[in-house]
Each structure stands twice: as structure tokens, then as C-alpha cells.
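The following blocks contain the structures, represented as C-alpha cells.
Both complexes below contain chain A, partnered by chain B and then by chain C.
And now, the complex of A and B:
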């Protein structure tokens, strides 16, 4: 019974490329998986450690910038390296960035973490905009395409979709696995009772910083996928709007469960692409902002929470004797 | 030859310093409103930058229509105060005490507000025109001459700082606010209408942002994206100075604006790094900010 939903999702992802056109394959499917992986890093941090970070797009941007710097030098900026080395460096830098941001934010909680990570994100944005030596300023990097491996062009729609799907699945499975390890359990204990965990002898700051590092690694993978999807990266990729987009997608999907990341990313991407059809051109932000506001006001655990609550109510209506329902977690508390 | 070289450098230094003070004044006015709201209500108002931008646009429209800069800044103060009060009454009061959820809600509001303002005023930059008496240059030692409007901005910030201090420390409203910061429930028990005080303080904080918008639109310019810039500066200023402290906001604004201005003048491509370094250094030594109280 518990396997039905995962198997259905796997089947859906396998069949998806053969029932949709190339726009839905890459611009909706590929984007959902790449962007969703960045959102997953936020959901991992929030759901299991209670830290809401707004710097996940920044970390993803560092992964993307590093990949572009080492595989697609633009305007004389960058060093061309073999792609496996470039990817290792990019993921290493993203993880390092995650660790460093964790180090900055480690002594803060709740609202303060949000503020400080936002300040970090905006500082990075202005750095990319001002700096031409490393980030190539306003232009950024262009023509960053995925490598061709053994004659298979990973940039072609179908291989790119499956590549994204495999990486997203690995990240998702990785998160589900990590939260069951002693490390993951310690993080959740830390989220609920930091003082007790400290009294038990755990190194609380170290655990938090490591969680940020892991989230940085995941965001780095998402960032590389995002770079390949757009084939370019510029300060606009790490500006306030994309930074907030990650948060909005996470809250839309439901920030309490890893699956919410991809649900949120999918809904966000669809609204992003079809806002023009519902509402006047260019007013996408008003629409998504209002949806976000409605979710925050009326269903703080997002769409997955909404579905869960409706289904438990439905199940309860069927068999009233099993009354104990799980409490949905309120992100505002 | 060497002498004139040194002289030019000192002149540049003096002008950069004055520019830094101007920016610090602007940052202080915006951030003091942000800090006031946080101090009493524990609301991190992520829409504070939007209030700044709204004030700037309202000030621009009114100044253009009436040709009076003073009416422009008054109108911006009133309109943005009303907008802030409406935000508190319609959205934030529903979830009082859930600070993270309130921050998320104000993020939603800021996204919608930024988009609607872009729709109405477009993407171009505006400059609010000054009365001719103020748009002159005055002689200043070392720097040579400096814009009158910018010096007046520094004076205005001092006035607001002193005014806020007097309000908080010498009036009944200030007493109520300070009591609310310390113990909100006890204050409620003494019969004070706390929700009403919240609306009032939100309106004051918002109107500070709105008036700052008019001033910023006069000495600098108004364009989309400024909301993010002033939200960021407010965040860093209060992180450095200490959340909820008005003197902290003054010190934070000075440090951040000076670092930013000197950084941009002397090492243009790494200007933001200094601001960031100050924030990290403060967080490492005093996580609650220089003048903040530990939670």
C-alpha cells in the first residue's frame, strides 16, 4: 500500500516524455526537477532542522556560476577545465558555501535565520553585479551547455529530462535516507528541543553547520541543472526574485515534507509559464504573490498539507472509530 | 605637484565622507521605522522596502501636481502610514505572535506591491524636484562645495532621531511602547488597548519609510528595485545595530553606509564585501547586534 504512490510517480516520470511535447518536457518537466531540487534543499533545512534559509538560491547560483566559470568562459573570464573536474569543483564550492552560510547563521534561530540568510543572498547578488573579475558583472556567463558523454548529448531534451529526473530522485532519496540516520535524527531532535540535545552532549552548532553543508550540496546539484536548462547565468539568476521564488515554491508545496518541494516547483513553474493566459501579460508576480499570500493565510502547510488534511478528513468520515489524526505542522509556530 | 595631488585626495575623501553621511541618514530613517515595528511587535516587515518605494512614488506624484515638495513628503507620510496600518489590520493582526508566518505574509505583500507599482509607474527612473531655494550648493570646508539638499537630509535624520528618542522616552505613547516591548501581556492587563497601539506604531514605522522614500527620491532617484535595496539595507542595519533599538539603528546605519560608500569609492568591484564583513563580524561577536538585547 505504501509503495503505490512512489511507484506511480516513477511510472509517471518514465512515461511523461512520451506523452508531452518538447515544451512541456523541458520547460515544465526539466525546470520542475532542477528548480525543485533547489527547493528540496530549503525544505530539508526547514522540515528537519527548523531553519528557514533564503540563501539556497544563492548556493545554487554559486554551483551554477562555478560550473559556467570552468566549462564556458565568457568574455575572457573563466578557466576551461575538463567537465568532470569542473562539476566536482562546482559541487565542492556549493557545499563550502552552504557550510559558510551555516557558520554565519548558526547562532540565530527562526526569524533571525531568515533575515541573515536574506542579507547574505542580497550581498551575493550585488557582488555578482559589481564584480567583473570572477562573475563577469551584468553579463554573467553564456553558452553553458551540458557535456556530451560517450556520444550522448545530455543537452538534448530527452536525455536532459532523464538526467534531471535521476539527479532529483537521488537527492530526494538521499534526503529521505539521511533523516533516518543518527545524524538526521539528531537534527530533528535539535529542531524540537535544542537545549535537551545540547545536554545530551551533541555539538549543536556543528550539527547545524553540517545540515547547511548538505543542503548546499543538494542546492548545488539543482543549480547546475538550472544553469544547463537556461544555458546561461547572470546576476538576475540570484537576485531577490529568484531567491524569493524558492521560498514561494517551498511554501506552496508544503515546507514540512520533501515531496512538497517538487509539488511546489511544479505548480510554480506551471503558473509561471501560463500566467499570461490567466491574467494580463507580465503580471505573473501579482498572481503568484496572491497565491502565496493565500497559502500563508489559509493553509500554512501548503498544498501537500491541504491534500493530507482533506484526505484524513475523508478517511475519518469513512471510519470514525480511528479518530487520532496527525496534527499538521504549522510553519508559523 | 605632490601637494596638489594630496589636496585632491583630501577633497575626494571629504566628499566621499559627506556622501557616506547622507546615505547613513537615509538608511537610518528607513531602518528606524523597521526597527520600531520589530521592537514592539516582533514583526520582521519584509514589505518595508515596498513602503519606501510607495512613499517615493506618492511623493513624486504630489510634488509634480502641486509643485510643493513639502506637500509631497507630507502626503507620502500620510498615505504610507495608512498603507502600513492597513497591512497590520488586514493581514498581520490575524497571526500575531507567529513571527515566521508574518514575515512570509509580508514577503507575499511585497511581491504583489512591487509588481503593481511596476505596472502603474513603469520601469523608468524618476527624480523628485526640489524647491529652487534648496537645490543649491553651499561652501563646505575641505570638500569645497556640497549640495544643500544632502546637508538638509543629514539634518532631517538628526531631527527624526531626536524626535523618536523624545517620543519613546518622554511621552505617554513612548511609555506604552516601551512597556509593550518588555511585557505585552502585562500591558494589556493594565487596560491599554494593545492592538490599537500596534496599529499606531506600524503606521509610524511605515510613514518613516514613506518619507524616506521622498527624500531618497530627491537626492538619489526612484525606480523599481529600490524596494529590495532599502529592505536589504534595513536588514543589515538592524542586524548590525541590534533589533528594536533606535540608537542601534543609528550606529548600524553609520557603519553600513560608510563601509558601502568608501568601498564603492576606493575598491569599486568589491564594495559590498565590506558591508557584509561588518555584518559577519558583528554576528560572530554579538549575535544580538551592537546595542541589541539578548533574546
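And now, the complex of A and C:
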């Protein structure tokens, strides 16, 4: 029974490219996986450490900018490096950025974490906009295509989709694994009872900073996928709108479970792309807003929360019919 | 979890299948996609641009040689990533045959690149006017029947230096490719005529607070003769309002968008500064040109109170590009076979009368057309309009220079060109 869900998802991802056109493959599918990975980094932070960060798109942007800087120099800006080295550097820089943001944000809680990470995000946006030596100003980087590996062009729709799927799956599995390790358990303990964890001798700020670093690494992977999707990056990619989009997709999907990241990213991308078809073109943003409002209103824990609640209700109804008693291992759920 | 994933997959599959069957049915229909900025600082211009597309389709009765024309629109916010996403949607999902757009400069550069990946679709520019779009490695299937930013402003630089006797100015501009092009064209002739530029101030697109720039600006003419303002849409309104509130009186010459109808119809403090501003561009509201009058009448009759009092530059540019597509379609009787071979050929050789006069393309598929130098005047009914001072015929992509000489100027950027005082 436990294998059915992952197998269904794997089958879906394998079959998906052969039933859809290139728009659904790249623009919806590819974007869901890349953007979803950035959302995953936020969901990881929020679900397991209780910290809400608005700087995840920024960290992803650093990963993207670094990749572009080292693989697609433009107009005298950038240094051409072999792509494996460029990717290692990009992920390293994204992780470092995550750690640094963690250092700044670690002593704050709740709304203050949100504010301070938003400030970091906006500062980075204006930096990219006005710095011409590293970020190439408003224009940013164009023609940042994915590498060709052993004759396989990773930028072609099908390889790009599978690449995104594999990386997204690794990130997802990574998060699921990490939260079961002593480190992950300590983070969750920290989320629930920081004082007790401190009393037990854990270094609370260090744990939090490390969590930010790991989230930075994941966001970096998402950022690189996002860069390759458009083959370009510019300040618009790290502006206020995309920064908020990450939070929105997270809340939509349900910020309590890693799967919510990808569900949220998918719904967000679809609504964002198709809302204009259903309403006068001057008003489609209102429709997008209303859809999001409705989801948050009727299911505060997002779509995954909605599904979880519905299935629990079914399960309970089923038990009542059979008159079965609750099993011991269900207690406490 | 299972249910949710399955529903998700099923929905995706169904929607995708619906998309492809829709394509198969419409073999006879020719689909035109309109891409414009319906969000962000250029939302006003974007809406008017799409009015231009619809107007052209309406003028042809919604069909060409028996092929009904279908129109689909998509939105961007001025950001190249978003424009690309919307263009992909129109081309790959909706299967448009012809895409008209985008509106803003950097978007245009990105879409012209994308055109190379989609040889089966014909791209016509909307309102975007960056130089690079049709200069640097231009795409075979990207056509621009409107003149670009540098062509629009080249005559003004010379005019300001020679007729007004200005020899030292400052520039306030948005920080991206289209304003660079406008400054490039303006300074090319202004510096040539002996003028100097004391300082350039660049502000981000969509800026709301210009106080840090305004604090550095002179209040009235002295050492500095005037300022050249290259801002568009709400940026222009915000800047002019704040400069007026500070009591600023420096004479202003404007980039093309500063005196567009989307700005001229504004109320409030910015309005005081507008009368008397000089600018240059492909349209002039009061031009004594039959084609323009006809266009204005057509626009006003069709839109009435819904549209602007007089069509904006963007309506005109989108209209011109759409009309070019429809005329070429008429010529080939809607034949789009073989990756639009005949159609693209017809477009390349097309010469017709646009609202701004005769327009033709050069080897880069970039328009050559007339440019006006305008002054903003108050009409009898109180509204503001552009009064033509001079009309310069046949301004080409190379600003009248030889191709080599023009290429030597390099590409526009913050620093290029430069003629400091």
C-alpha cells in the first residue's frame, strides 16, 4: 500500500511527456518541477524548523545568476568555466547565501524573520538592478542554455523535463530523508520546544543556520532549473512578485508537507497561465487573486491539507461501517 | 495523496488533449496572438496596444480570403521572462500562426531570440523598440513595421541643439534597453551638433519615489539648459508630478513615451509641466496627414468612450504591425504552407501606408518611416495633444549613416554614447 503512491507518481512523470504538447511539457511541467523545488526549500524550513523565509527566491536567484555568470558570459561580464565546475560553484554560493541569510535571521522569530528575509530579498533585487559588473543590470544574462552532455542537449524539451524530474525527486527524497536523521529530528524538536532543546545541550542557533544552508542548497538547484527554463535571468526574476509567488505556491499546496510544494507550484503555474482565458484581459489578475483567496479560505493548510482531511474522513467513515476499533499504532495520530 | 496525484494527472492530460484537438479542427482559421503588458507600469499602453490589433482585424472584417481570423491575447508585465512565458503559451499551447507583440524593449529582444526556435510561426513586433531586436543577429521570421527607439529620437537631438541652442543638458531615464536606444538616437545627433550631457540619472522601471534623483536636479535653467526625460507610463507621471511639486522649472524635452496619450491624459501636478514639452516620435496627434486622420476616426468610431481620446503610439504601432500581417496574408490568400514561406516573403517586400505614412522594411526586416518633432499643446477643449513642428521623411535603421559607420557607434548602454561637459 505504501508503495502505490510513489509508483503512481513515477509512472505519471514517465508517461506525462508523451501525452502533452511542448507547452505543457516545458512551461507547465518543467516550471512546476523547477519552481516547485524552490518552494520545497521554503516548505522544508517552515514545516520542520518553523521558520518562514521570503528570501528563498533570492537564494535561487543567486544560484541562477552564478550559473549564468560562469557559463554564459555576456558583454564582458562573467567568466567562462567548464559547466560541472560552474554548477558546483553555483550550488556552493547558493548554500553560502542560505547560511548567511540564516545567520542574519536566526535570532528572530515569526513575523520578524519574514520581515528581515524580505529586506534581504529586496536589497538583492536592487543590487542586481543597479550593479553592472557582476549582475549586468536590468538586462541580466541571456542565452544561458543548459549544457550538452554526451551529445544529449539538456535544453531540449524532453531531456529538460526528465532532468527537472530527477533533480526534483532527489531534492524531495533528500528532504524526506533528512527529517528522519538526528539532525532533522533535532530541528523538529527545536520547532516545537526550543527551550527544552537548548536545555538538552543543543546549539540552537547553529541548527537553525544549518537548516537555512540546506534550504539554500535546495533552492539553488531550483534556481538553476529556473534559469535553464528561460535560458535567461534578469532582476525581474528576483523581484518582489516572484519572491511572493514562492510563498503563495507554498501556502496553496500546503506548507506542512514537502509534497505540497510541487502541488502548489503546479496549481500556481496553471492558474497563472490560464486565468486570462476565463475573464476579460484587464481583470485576470483579480481572478487569480480570488482563486488563491478561496483556497486559503476553505483550506488554511492548502490543497494537501484538504486532501488529507477528506481521506481521514473517508477512513473514519469506513471504520465506523465495519465497526472496527482503532488500532494501537493509530493512537496519537 | 494518490487521489490528488491522479486527479492532477488526469486533469493535465485532458486539458492537453483538448488543446491539441482544438488545433486540428481549425485548419481553416488563422490565429493571431496578441502579446502586450497588461500588468505593471506599462499596463495602460499595453491595453491600448491590443486595441490596435483588434482594430486592424475589425478593419478587414475579421477574415482574409475566406479564412476567419481568431484573436487570442496574453499578458506580460514588462519582464522578459514573463513575456517569454506568455509567448510560449500562445505559440506552443494555443498554436497561433502569427504573434503580434511584445510591447517593451527588453521583451522584444527576448522574443526575437525565441522566434528562431519557432520557424513555423511568424512574429511581428508590437510596440517594442529596442535597437538590438532587429540589429544583432536578427531572426528570419521576426518583422518590425514600426520604427525603433533610436530612429524616433535622432531628429530631436539635432533640433534641440540647432533650433533651441541648447548645449548642456542632463538626462533622466529608466534603466533598460528601450531608453538606452532613445538616448542613443538623441545623443548621436545632439553630440554631433556640439552639445554636451552633464549627467545621466537612471532609475529602475516602476519606481514610485524619485526624490533622490530630483534632489540632485537644478530647479531652473542656468548652467544646464534643460533635461531630457526618457520615462514611460506611470513612471513619467510619477516623476513629472514629483518634479512639479518640488517647484522644478527646468525646460524639458521628452523621450517618445513621455508625451504619449497615456501620459497626456493624466490629471494632477504632472499636467502643469506637460504643455510646451518637445518630443519626437512616429506619431503626431495633430499631423495634417490623411492616413493618421483616418486611423484616428477609425479608432474613435470603434472604441468610443472605451478608448483614449486619441489613439496612443502603442495602438498605432500594434495596428501597423497587425495590418502588415493582414495585408501580406491577403496577398498570399491565407497560404501559410511550408513554414509560412510565401507569407514571410510577402511581408519582407510589403510597402504600405501606415497611420504615420509610407513604411517599408530593410534587409533586417526593420521599418523605415517618417518621424515627427512634436510640441505638447493644449487644445481648445482643454485636452493635451502633440502638435507637429517638423516631419522628417524616411528615417532608416542606421539613422542615415552608412551601415559600417553606424555599427562603429557600438550598442547602446548606460555609458554609450557619451559626450560629457
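Note that in this section the second predicted complex is superposed on the first by the 314 of 333 C-alpha atoms of A that agree within 3 Å, B and C clash if a C-alpha of one lies under 4 Å from a C-alpha of the other, contacts with A are read in each partner's own complex, and residues count from 1 in each chain.
Everything that follows uses one rule, which is that a residue touches a chain if its C-beta (ideal position, glycine included) is under 8 Å from a C-beta of that chain, and two chains touch if they have at least 3 such contacts.
All figures in this text were calculated on a predicted structure; none of them were measured in a lab.
Of the two partner chains, chain C is the only one that A:28 touches; chain B does not reach it. In the superposition on chain A, contact of A:114 is made with chain B only, not with chain C.
Of the two partner chains, neither chain B nor chain C is touched by A:177. In the overlay built on the shared chain, the residue A:198 is in contact with neither chain B nor chain C. In the superposed pair of complexes, A:234 makes contact with chain C only, with no contact to chain B. Residue contacts after overlaying the shared chain place A:5 against chain C, while chain B stays out of touching range. In the superposed model, A:52 lies in contact with chain B only, and not with chain C.
Of the two partner chains placed around the shared chain by superposition, chain B is the only one that A:131 touches, whereas chain C remains out of contact.
Contacts of A:251 after superposition on the shared chain: chain B is touched, whereas chain C is not.
Applying the stated touch rule to the two superposed structures, the overlap between the chain B and chain C interfaces on chain A comprises residues 126, 130, 132, 239, 282, 284-285. Within the complex formed with chain B, the residues of chain A that make contact are 52, 104, 107-108, 110-112, 114-116, 118-120, 122-123, 126-127, 130-133, 239-240, 244, 247-248, 251, 282-286, 288-290, 292-293, 296-297, 300, 330-333. The touching residues of chain A, counted against chain C in their complex, run 4-5, 8-9, 12, 16, 19-24, 26-28, 31, 75, 126, 129-130, 132, 137-139, 142-143, 230, 232-237, 239, 241, 259, 263, 266, 273, 276, 281-282, 284-285, 303-304, 307-308, 311. For chain B in complex with chain A, the touching residues are 42, 44, 91, 94-95, 98-105, 107-109, 111-112, 114-116, 119, 228, 232, 235-236, 239, 243, 268-273, 275-276, 279-280, 283, 287.
Residues of chain C that touch chain A in their complex: 1-6, 8-9, 12-13, 15-17, 19-20, 38-39, 47, 50, 73-75, 77-82, 84-85, 88-89, 91-93, 106, 109-110, 113, 175-177, 204-205, 413-414.
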